[in-house]
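Working notes, structure below.
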């Protein structure tokens, strides 16, 4: 199960300034609960579970009190590896977990998933309102 | 004939948040009813129909109550394969069918078609108004 | 001479929706009346005319009542092949001819011409005001 | 069915010189007889047939007596559109049909097919031996 | 454990011709037994195993009697997902398993793995000798 | 008509060394005598001739006694602008004219023509044998 | 010395329309008065002057009464070749000279200079206010 | 230690105009104090310090009274080479030091750091408000 | 000083097969003993040493008895960080150290260094003779 | 005048090994004696000389006793800035000067010059014979 408790933070070193942190993980993988758009029941039975999904997760946020610690973020994203989860849920779940841990002024999570059945999917979710510039 | 009844949906898992789904299908193909910009009558007679068109279909939407199920979208887009339809109609038709099925807050459909007669065509149509950000 | 009478149109199949059509022709060629930035009089005498220009023409418009028929657009753009015309005139002329034929809500014509004398030129002209989005 | 009788040729205009012709068609599509790596039986039943395949066909040859006429090649490649055929067969079949029609000194056909189930396939087949250079 | 028994084959449809099949899987993932170049013991304890590796597997072969069936190859490559294996072993193992199943005239397997500790690794192994061309 | 008499040469300044000259013209255009793969008779009647072809001409040679003068080469290539000529003829004709003018140790001419009817064509012809290196 | 008197203009052929002209010269070179970030005094003494700078100059403007003639612009930009001038001065000087000659509604000049000492510099200066669109 | 006293300035040569200077240094390197996301204690002990970080620093500013001298900026950025500093601190520190030295109307510093543990980081910080355009 | 003793090896897991390992490190940095092509004495005095060099190191080898362990290679390459060494020496030194540690059948080391003074340098050195394929 | 006496060398640090040095200078510029393919007499009179040429010079060599010192190479290439020289002469002259200074086992010089009159030119010259590998 995605393990929000793995996420660690550290105090924002420049709390008085509105600045932006952008993170990109090219190696996100999870399982699709139903085998997804490309698999049939026979092959799933062989693997005793769903078919693997692959994608890129992009996170951008404006820190307020805390920043996310990168090693803990890596471990958190690894924790999706063997769980079945739909694209829309995965992206919104990462946004919920990160926003709860970091309490940012603004945050955006993008899941950019590999082609399945000839269709590429991107999910974009945001938390809070952006100000300044 | 494009088969809107193939489209299936599932309930939006995060109805309280305004987020965006972007889908891209690189393998759209249909037929041009009149043979199009590059074919003459003699060759169409040989094939008993129009000339094939190829393109990319890009769909972006902000879900409200439902999301489109990807496997059904794949089958729906395949259903254009052997029908004759002009570019402008195809893109507006896909927008009409998808918006009727998904009832999104906002939706955009882009048809990016291959060069014909040295001319590349892109059609962009939108449904609803975009808010937030 | 550029032949506006070659342009044909067909009725906009979705007149109630504000959508956009984008066309790109990579094979535009015309003649520069004075030989242009790279040629001298001696070589022009050999060819009995100006030097050839090459470029890309990009057209974007929001249809109102009519759309431009693509085969007629191809023939219209071919009709510049052996006429001498400056870049600024060519782009504004194409915009005038197309806007008169199609009567769009909004239209933009871009001429993106090849390097001459180490200088690349792009001309951008617009007709009408863009609304919606 | 792939229709070899559509292929037309014209006499090689420079029979005394060993030169090379390379052709590339980006818009090849056929059907996979069994639905292929990404489809299950349920969705194939809906479409009454196999799943579509897409790819690029590249042809290179050294003409001997004849050259292939391009319009006929286009029609020949279109004739695969609604037939079920495996990748290996399609490429070897195109090579057989073209080599029989053109009787080249040397010929190579490459089928570069789109990703299916996360796997991209390329098939390369050759006829005759290359000499000179 | 990598499951060679998942690999299925079908008879080479053109046994009399020396042609080439090239396959590429962009979504290979396995685990590094020791956590690899970038992980320490503390984080591995959290995950109860090694750190994930990601890469691209490229396979090229000249079929003799059999060809590899693509759906079975996909399942075979998926079977590395949760096993710990070093790069050199993974690539040579895939070559051994595939060569045993397909008995090709010639085969090459390339593992192109993602950057770890600032170092990118590629392993190339071959079976049999290439002839003809 | 292609005008070989436009080609001028100058004495090879380093006749004792085997070196290579490579030239590329991105702006080659000619007419297809029959309207080519994409046009029908009706539209050709409008233009009183064939349809335009566009391509890139690449020339490589090892000079012996003479080199080709670039301004004369530009004028020579412009002289194809309004003549109808097939791809295979154009490339072999340019090779014949240039080899006659320059008398090189070795020469190659490549014509890389734009997509027509979804098919891209490249023609490669060579004169003499390459040595050294 | 940069020679503003080389700049010539011609009357804007479409004075009633707000359109845009964009020009790019990839071959700008000047000298750095002090040898710049990468040279020491010893090597400058050898060359009796500063070190060469290279860059791209991009000009965009909305014509009012006049347009700049391209051949004169080429000669004007060449006139910087052997003068020492800092990046900030060069870009603002070109803007001053061109704006004085053309009297545009709006103008922007960008100098995009090559890496020196591992640092790339871009200078962007504007004249007048942009309206419409 | 980052050495702000290395930064030198020169008077803005065009103080009356709001223009922009953009600088990019591809060769920024510093040390991560704790070894960072990819190193364990054992390897750090070998090197007697942290693990190296690499990245690109992009600086954009609108000068007011002074401009930064490029050679001094190069030396200032080199001065981070052997100090341990976190990404967020490095970018905000460079912004503080540069803004104090140059006193710009507006300034932005972007640190675009190499992948560590499969995660790429970008930090964007700004000083002052942008006006005009 | 480059520390060859940091290099560790492990037994080649497939000693009976001639296969190839290719490694690429994008983050190599060292110091130039004399300040190099771009620095003068004054700035070097400020830094009490040479100017930094940056580059990519590519290593390819055919293992015989041993393979290089990647973490130890990373530490070995880091050990050049604060030593002054010329390009030619660095590449040949890495080849000597690695070949002594690994005793490969064949090895190649490429140093691809960043532009200095407008000149990019690549050094390629090889050990042993390549066989098979 | 190209100043061969500027070239300095240093002893090959690894004389017993056959390795390769590749250098690339992106900022070569010289003058064309006659104004070249793009200029007429009137504009040359204005500039009191030829028109500028720009290109990339690539040098590869296998050192024997000496290597070329990079700073001296930079100054040598700068010395062509204000001299008129044809492409073929420039490349062969650089090869002669460098081979005389360095006495390599093998050397290649490539001049890759910018488009003039729509034609790009590349000149490749070699000295000595390549062995080993």
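We just call them A, B, C, D, E, F, G, H, I and J in the order they show up, numbering each chain from 1.
Operating definition for what follows: contacts are C-beta pairs under 8 Å (C-beta built on N, C-alpha and C of every residue); 3 or more make two chains touch, one makes a residue touch a chain.
In this text, all values refer to a predicted model and were calculated from it rather than measured experimentally.
*Asks:* Give the pair among C-J, D-F or G-J whose set of contact pairs overlaps with that of A-D by over half, matching residues by number.
*Replies:* C-J
*Asks:* I'd like to verify one number: the distance from the centre of chain H to the centre of chain I, where each centre is the average of its C-alpha atoms, in whole angstrom.
*Replies:* 28
*Asks:* What whole-Å value do you get for the distance between chain A and chain F if each is reduced to the mean of its CA atoms?
*Replies:* Computed from C-alpha means, the inter-chain centre distance equals 55 Å.
*Asks:* What's the distance between the Cα centroids of chain F and chain G, rounded to whole Å?
*Replies:* 37
*Asks:* Considering chain B alone, which of its residues make contact with at least two other chains?
*Replies:* In chain B, the residues touching two or more other chains are 26-27, 37, 54, 71, 114-115, 117-118.
*Asks:* Among the chains present, which pairs are found to touch?
*Replies:* A-B, A-D, A-E, A-H, B-C, B-D, B-F, C-F, C-G, C-J, D-E, D-F, E-H, E-I, F-J, G-H, G-I, G-J, H-I, I-J
*Asks:* Where on chain E is chain A touching in the complex?
*Replies:* Going by the criterion above, the answer is residues 6, 26-27, 29, 43, 46-47, 51-52, 54, 71, 75, 78-79, 81-82, 114.
*Asks:* Per the contact definition, I'd like the list of chain B residues that touch chain C in the complex.
*Replies:* That would be residues 36-37, 86, 88-89, 91-92, 115-126, 130 of chain B.
*Asks:* Which of the residues in chain H end up touching chain G in this complex?
*Replies:* That would be residues 12-14, 17-27, 63, 67, 70-71, 73-74, 132-133 of chain H.
*Asks:* In their complex, what parts of chain D are in touch with chain A?
*Replies:* Touch residues, chain D against chain A: 37-41, 54, 114-118.
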